[in-house]
Amino acid sequence: MTEPGSFFVGAVLIIPAVSAALLVVLPDDRAAARLNALAAFLTFVAASVLFVERPSPGRYLIVDDLNVVFIVLSTFIGFTTSVFSASYIAHELETGRLTPRYLRFYHAMYQTLMFGMNLALLSNNVGLMWVAIELATLTTVLMVGIYRTPAALEAAWKYFLLGSVGIALALFGTILVYLAAHSIVGEGLDAMAWNVLVQRSPEFDPALLNLAFLFLLLGYGTKVGLVPLHAWLPDAHAEGPTPISAVLSGLLLNVALFAVLRFKSVMSANPGAFAPGPLMVSLGLISVIFASFMLYRRQDIKRMFGYSSIEHMGIITFAFGVGGPLANFAGLLHMTLHSLTKSAIFFCVGHIAQVKGTQHMPDIRGLTVSHPVLGWGLAFGVVAIAGLPPMGIFMTEFLIVTTTFARHPVLAVVFGLSLLVAFGALLLRLNGLAFGEPHGSLAPVKASLVPMFAHFALVFAAGIWLPPALVAWFQNVASLLK
Amino acid sequence: MALDALLWCIGALLATSVAAIPAARHRAGTPVVYGAALCLCVAALGIAVTSLLAGGSLQGALTLPIGLPWLGAHFRLDALAAFFLAVVNLGGATASLFGMGYGRHEETPGRVLPFFPAFLAGMNLVVLADDAFTFLLTWEFMSLSSWALVMAHHRRTGNAAAGYLYLVMASFGTLALLLAFGLLAGPAGGYAFEAIRSAPPAAGVAAVVLALALIGAGSKAGLVPLHVWLPLAHPAAPSHVSALMSGVMTKVAVYGFVRIVFDLLGAPTWWAGALVALLGSVTAVMGVLHALMEHDLKRLLAYHTVENIGIIFIGLGLALAFEANEMRAAAALALTAALFHVFNHSVFKSLLFFGAGAVLTATGERDMEQLGGLIHRMPLTAFAFLVGSAAISALPPFNGFVSEWLTFQAILASPALPQWLLKFLVPAIGALLALSAALAAACFVKAFGVTFLGRPRSEAARNAAETDRWSLATMFVLAALCLIAGILPGYFIDALAPVTQALAGAHLPRQGELDWLTIVPVAQSRSSYNGLLLFLIIALAAGLGAEAIHRWASGALRRSAPWDCGFPDSSPATQYTAGSFSQPIRRVFGAVVFRAREEVRMPPPGDLRAAQMHVQLRDVLWDTFYVPIAGIVSYVADRLNKVQFLSIRVYLTLVFGALVALLMVLAVWQ
Amino acid sequence: MDRLALDVAHLFAGGLVLVSFMLLYQDRMTGLVNTFALHALVVSLSVAWQAHIQHAPHLYITAAIALVVKAIVIPFALHRIIVRLGIHRTIETVVGIGQTMLAGIGLVALSIMVMLPIAAKAGTLAQQDLAFALSVLLLGLLMMISRRNAVSQVIGFMSIENGLILAATGAKGMPLVVEISVAFSILIALIVIGVFLFRIRERFDTVDIHALHEYRGEQP
Amino acid sequence: MLLVLALAPLFTGYVRKVKAHLLRREGPPLVQPYRELLRLLRKDVVLAHSASWVFRVAPYLIFAATWVAASLIPTFATGLVFSYAADVIAIVALLASARFMLALAGLDVGTSFGGIGSSREMLIASLAEPAMLMVVFTLSLLAGSTQLSSIAASMQEPDVGLRFSLALALIALVMVAIAENARVPVDNPATHLELTMVHEAMILEYSGRHLALIETAAFLKLLLYVSIIASVFFPWGIAVSGQGLMAYVAGVGMYVVKLAAGGFLLAVFETAIAKMRVFRVPDFLGAALMLGFLATLLLFVTLAG
């Protein structure tokens, strides 16, 4: 590992690991929060260097067009979330929902989670990626249960069981992939390396690949939160600390979906294997429809946005299932924008819940009057996530619907209508939350709003103008995904 | 270069809206923001008008490196765009001018000022957009900013619901347009209008696109049965915004329809014309009937917007039918009628909404039953409103009559159509049009009579005061426009020539040079109308009559109490109210259209309580279309909601089931 | 490699499926735990055998982990839990044992059907092992959803994991098997600890999932 | 223009006279309307306290609009001066604006009578106008023009012949005319009973010169309709512009004869039947509308055939 790029790759992994170890022993919570943010920032810097300095793929690690964007994205959101969590956690300490002991645990876990996700993104090895994702899952499980309220424990337990089953299925799929590969590539690490797999995939046994993909889709799909494997997701979002909800929606779901994408590229490189498209389309569509209707009866604000995450994961899966350069591009862009928007929404929601002292939506009203910044922030977020212009998500949904309608009109109509249904639900809630007579505490909010606005600015800009480099990467990947 | 200038104006508008966020906190912010908007709109108006009058010469297209990366944002200025830009910016300018005065009464300027210029910019951009993505982006941006303005007074009951319905319907329309463009662009994604024009779709596809465009643009323009949001949302906004939404935004929707159907879709089919015209006529009648039943002044105006949109769509439909049969001149006539009505309606509807706004600020009342006698307190407003009412009731010599007259001329050209359905349909449409015109007159007799005439019905109306100078200036400018466009229609029709030339391949003979400024759409022997002459003769006759009478007959005048049938000093409550005025028409049409129920509750003999009359109206369309949809959604939501409350084991079962099912599929598949 | 080696491997794999059926058959907690210990034992034996025939010494580690953790430690722990919870008498099944067995047989048939087309290319060892592993996996899932209380679900999950180990070791020369098995052991440990937590924290007087089910973020 | 103005009261007087005779009464002399007008002009105006400028301006506008409309009709010759200033649609619209002002005036004072009058008037109008326009359609489709002059001219063509649709249109037009002029059975120009009156209720508050103007307008309107019927359906003897004086004189003579006939028929009709309830009026006018529409459709059939 002599070239500079690989040094930074190492940095992206080592910084979180080391800081996690440090945070375990660091007693002072203030300092811990700062160190947490600092580490996240350094990781982000190191990651963003990868844009320019890209090392040649190693046996275990790889940086290519697909993951470089997501690494930078996840480290960035990791950083902003750590900033947000600093102010959030401080409030939690005041209200005594968390004790310093748990807090130390929390910060350590946070960095471990970062480590796990970066590893999963960077790994050039199906097995390594599996281990990394499992690590990330475990840490989030522990953090979801951190409040130790019955509801939190229940959510954690549910997440844990379903997640483990998913992990098991994914592992089986991974083994199958190896089996498909090792007879061609030969035994050993190469048979699990991405770049090799994609190259040699045409020679693999299609039947084995089909079976493998089925297990992988279900396994990682559980993490993605596709219906009917979604059950853990809303409660996990609702009961955990808000920074974790943000990271879950913003990053972990993406990482799982990223894994699915990797395998899809392997699949689609093999002519004999069945096209993964229809499967993904149907799963995505079911998720979208289901989540859209589930939005209507929600009382808990965080759970509602959890369901909205399910919806958007469905949208992305749908897009990749439809395939074609435009739809794939839209899917990738949607992954990026959704994680930015949704995490920003969770920042906002976290502060709202803290100010109002409740997550129960009927008790929150008139935010634009009582807390203009939060209220309008929420309004902006909802408008953005609902895919209204000029925010970026409008662009992706535009592409998805138009390209789909040209090919499968019925699908597009159903898809579009369910988007409309979801929009109706979100807007209904927004009306109640942001407008009308204010209700509940009017205490001014002390919050770090910078992360939220940073995300919103990015989302807004993406709707107007996309940097050509990003477009080039995405188009390259889109063509790779077929 | 005209286009560059326009885009700079729009950019400046957007900048204004950003700057308005901090400016809204200061007292001086209001006039500054509106002033800036006014100047920019006037500038844009100037550019648009010059490029329209210059015909083809001042056109242009350019592409900005924003929006879809590989596509960029295409903008283009052609005759059609120029005309609608003129309409938009005229409305924008007057609304800003009105806002200078009206805005001072705004209690939460922070919720209005930032969105107002953004709304204007959005409407301008829609008209300029030249690719599907930019078009839809700006279209939805327009909806969004106007939604924010509707929500400005979110505390008043019903406004939040109105905003909700509005935005959902708007998104529904956008979805329809999205699908339409998806069809037009094809899977390859040729979103630029140029590409679409170069490859006109097949007949079947074209039919679907037309239907989708009708839904998409119609839901924004307020075409029955997609109009339900309009009478709720338009009045909810501040009055000058209501004027913009009713007078201008609906026109932008019409623009969208014209752009797609006339420009992008290639040659139309005759049944498309029949469909559009029929929808238009139904819309017109439904709109005016609803308006007659309405006692809320602003909502009444909003319903009249629905009616006028119907009239416009009648014109468009006829144009389509003629064009399908290669009758270019007739198509040009119909199109001219429609577009001219677009302009006229934007003028007098803005005027009327400003009047309503003035009344609102003076009395704080929108309910006509609480008003009355305002003509004594606010004579100037009353005068302007009267002009507007005459214009919208299509009475000569005002502009509303001219465009309806042209529409009738177009209808009279219908027997030349080969299709029998059209032969029979078009006269029926004509009858409906005449009916709606007559009803509109009745409705505005009610609106003006009950609001401004008679005796005040409430304390607020009794102590009303004339509104501020800005508002009055705005209203009189518009009133003057109503008259000018009414007596000198020739020039306006000539200005429309390039548009119809571009869309229908023909234009009306030049009217400007004809003696006495008569307008002769087809031929002198066939039909002609001379607003100027008519106006002069009437003025002359009235003047002579007055002169003669005051010269030779008695000019004496005595004031006394009105004839009271021997019941002295009757209270204002004994006047005819809006409800009682529309009662005969309710009796005639209500039973069918509204399922109207009237019941009179008589107290038992000896009981001194007053008898009460209860009128119950139902919107049949609402009951048939919207209630079921809402019901279905909530039903499904309830059903699915149970899934939230299962035990972990059941969730595991779901996973297991999915796995087994997929394995089986695989086993079978192999 | 010689025929005998394959047959032995096959024997172990088949034995594992058999034990899975025995798991399904149990209706007593104690018996269930013991059967599971047997299950783990078979797995470790099979893994060790694979290590032997593949000459892959690192697999011995996996075998050892399987033996120590899952055949000894965890059953011991589970016994204590059961005693504490006082649920060693019975386990509430959702459907009768009979139907469960039938379903299990159906699942085995399904897994073999799915594996058939692979037969030709991937070599017999892989095929049979995979078929059995898949059946073990499905049977484990079936157990998880057909039992009501958490302990038996944990056991079901662990049997799934055994199936996976079987598959992983069956895949010739697959790297990271040790790491994966370690990771899995951590997972299992955490699950068991989780069950402990629920007990020790006095949050629930039973680990019956219905009790968890009462604590819901929002009520309808 | 002045001709119609001069003739209008006479015509009304004539109709009254005929009615009286039919009722075996002596009846007022023919010039009675002129007397009334002069008397009214000499009286001074009594204005209600709550009356606004609308109330005072209205009469002049009503008078002017009606007068102009009336003078646009080729009473005795086609191609009269200004006849191209407005076609028949415009004439309908002029009458509509006159009615608009009248209805407003009715509401202005703020008594219940005015309200009754205006609302009923607008109801009647909202049905009468479409019917009128359908008739116009029939004619202008036949004549290929909406100019009354050219319509009248084309009706003189021999090839027009006798058409069923024309008959329907005539009936429809007559019904509309009756309704528009507030004659029996729609309204009774002679009544002052609150429940039945429409037109009279609106102008209840008027007096003096204002009343005179409105009365004149009413006279003009009646004349207008009769002369439309006369000139369009019985276009014999209408002079074509530029035929020299004799033709004009003949035309005038012919016109007067036609008026006399029309008035007589009207009077007979009015005496023959009774006033109907207000809410029967829509049916009456609906029938007119249907007839007009039918006329248009039948026209297509005949045109096609």
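As written, the chains take the letters A, B, C and D, and residue 1 is the first residue of each chain.
Following the convention adopted for this analysis, a residue touches a chain if its C-beta (ideal position, glycine included) is under 8 Å from a C-beta of that chain, and two chains touch if they have at least 3 such contacts.
Keep in mind it's a predicted model, so treat the numbers as computed, not measured.
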{"item": "Farthest-lying chain, centroid of Cα atoms versus that of subunit A", "value": "D"}
{"item": "Contact-richer chain pair (by C-beta pairs counted) among A-C and B-D", "value": "B-D"}
{"item": "Centre-to-centre distance between subunit C and subunit A (centres being mean Cα positions), rounded to whole Å", "value": "31"}
{"item": "Inter-chain centre distance, subunit A versus subunit D - centres from mean C-alpha coordinates, in Å", "value": "78"}
{"item": "Whole-Å gap separating subunit B and subunit D, where each centre is the average of the chain's CA atoms", "value": "35"}
{"item": "Centroid distance [mean C-alpha coordinates] between subunit C and subunit B, Å", "value": "69"}
{"item": "Multi-partner residues of subunit C (each touching 2 or more other chains)", "value": "114, 117, 141, 144, 153, 212-213, 216, 218, 220"}
{"item": "Sequence positions of subunit D contacting 2 or more other chains", "value": "none"}
{"item": "Two or more partner chains touched - positions in subunit A", "value": "157-158, 161, 165, 207, 211, 234, 297"}
{"item": "Interchain pairs in contact, sorted by label", "value": "A-B, A-C, B-C, B-D"}
{"item": "Sites on subunit A touched by subunit B in the complex", "value": "157-158, 161-162, 165-166, 169, 207, 210-211, 214, 218, 222, 228-229, 231-232, 234, 274, 279, 290, 293-294, 296-297, 324, 326, 368, 372, 383, 388-390, 394-395, 398-399, 401-407, 409, 412-413, 416-417, 419-421, 423-425, 427-428, 431, 435-437, 463-466, 468, 471"}
{"item": "In the complex, subunit B residues that touch subunit A", "value": "65-70, 110, 132-133, 136-138, 140-141, 144, 151, 154-155, 160-161, 163-164, 167-168, 171-172, 175, 178-179, 181-183, 185-187, 189, 191, 633-634, 636-638, 640-641, 643-644, 646, 648, 651-652, 654-655, 657-659, 662-663, 666, 669-670"}
{"item": "List of subunit B residues in touch with subunit C within their complex", "value": "641-642, 644-645, 647-649, 652-653, 655-656, 659-660, 663-664, 666-667, 670"}
{"item": "Subunit C-facing residues of subunit A, complex", "value": "125, 127-128, 130-131, 134-135, 138, 141, 148-151, 153-155, 157-158, 160-161, 164-165, 167-168, 171-172, 175-176, 178-180, 182-183, 187-189, 191-192, 205, 207-208, 211, 234-235, 238-239, 297-300, 303"}
{"item": "List of subunit C residues in touch with subunit B within their complex", "value": "94, 107, 110-111, 113-114, 116-117, 138, 141-142, 144-145, 148, 153, 209-210, 212-213, 216, 218-220"}
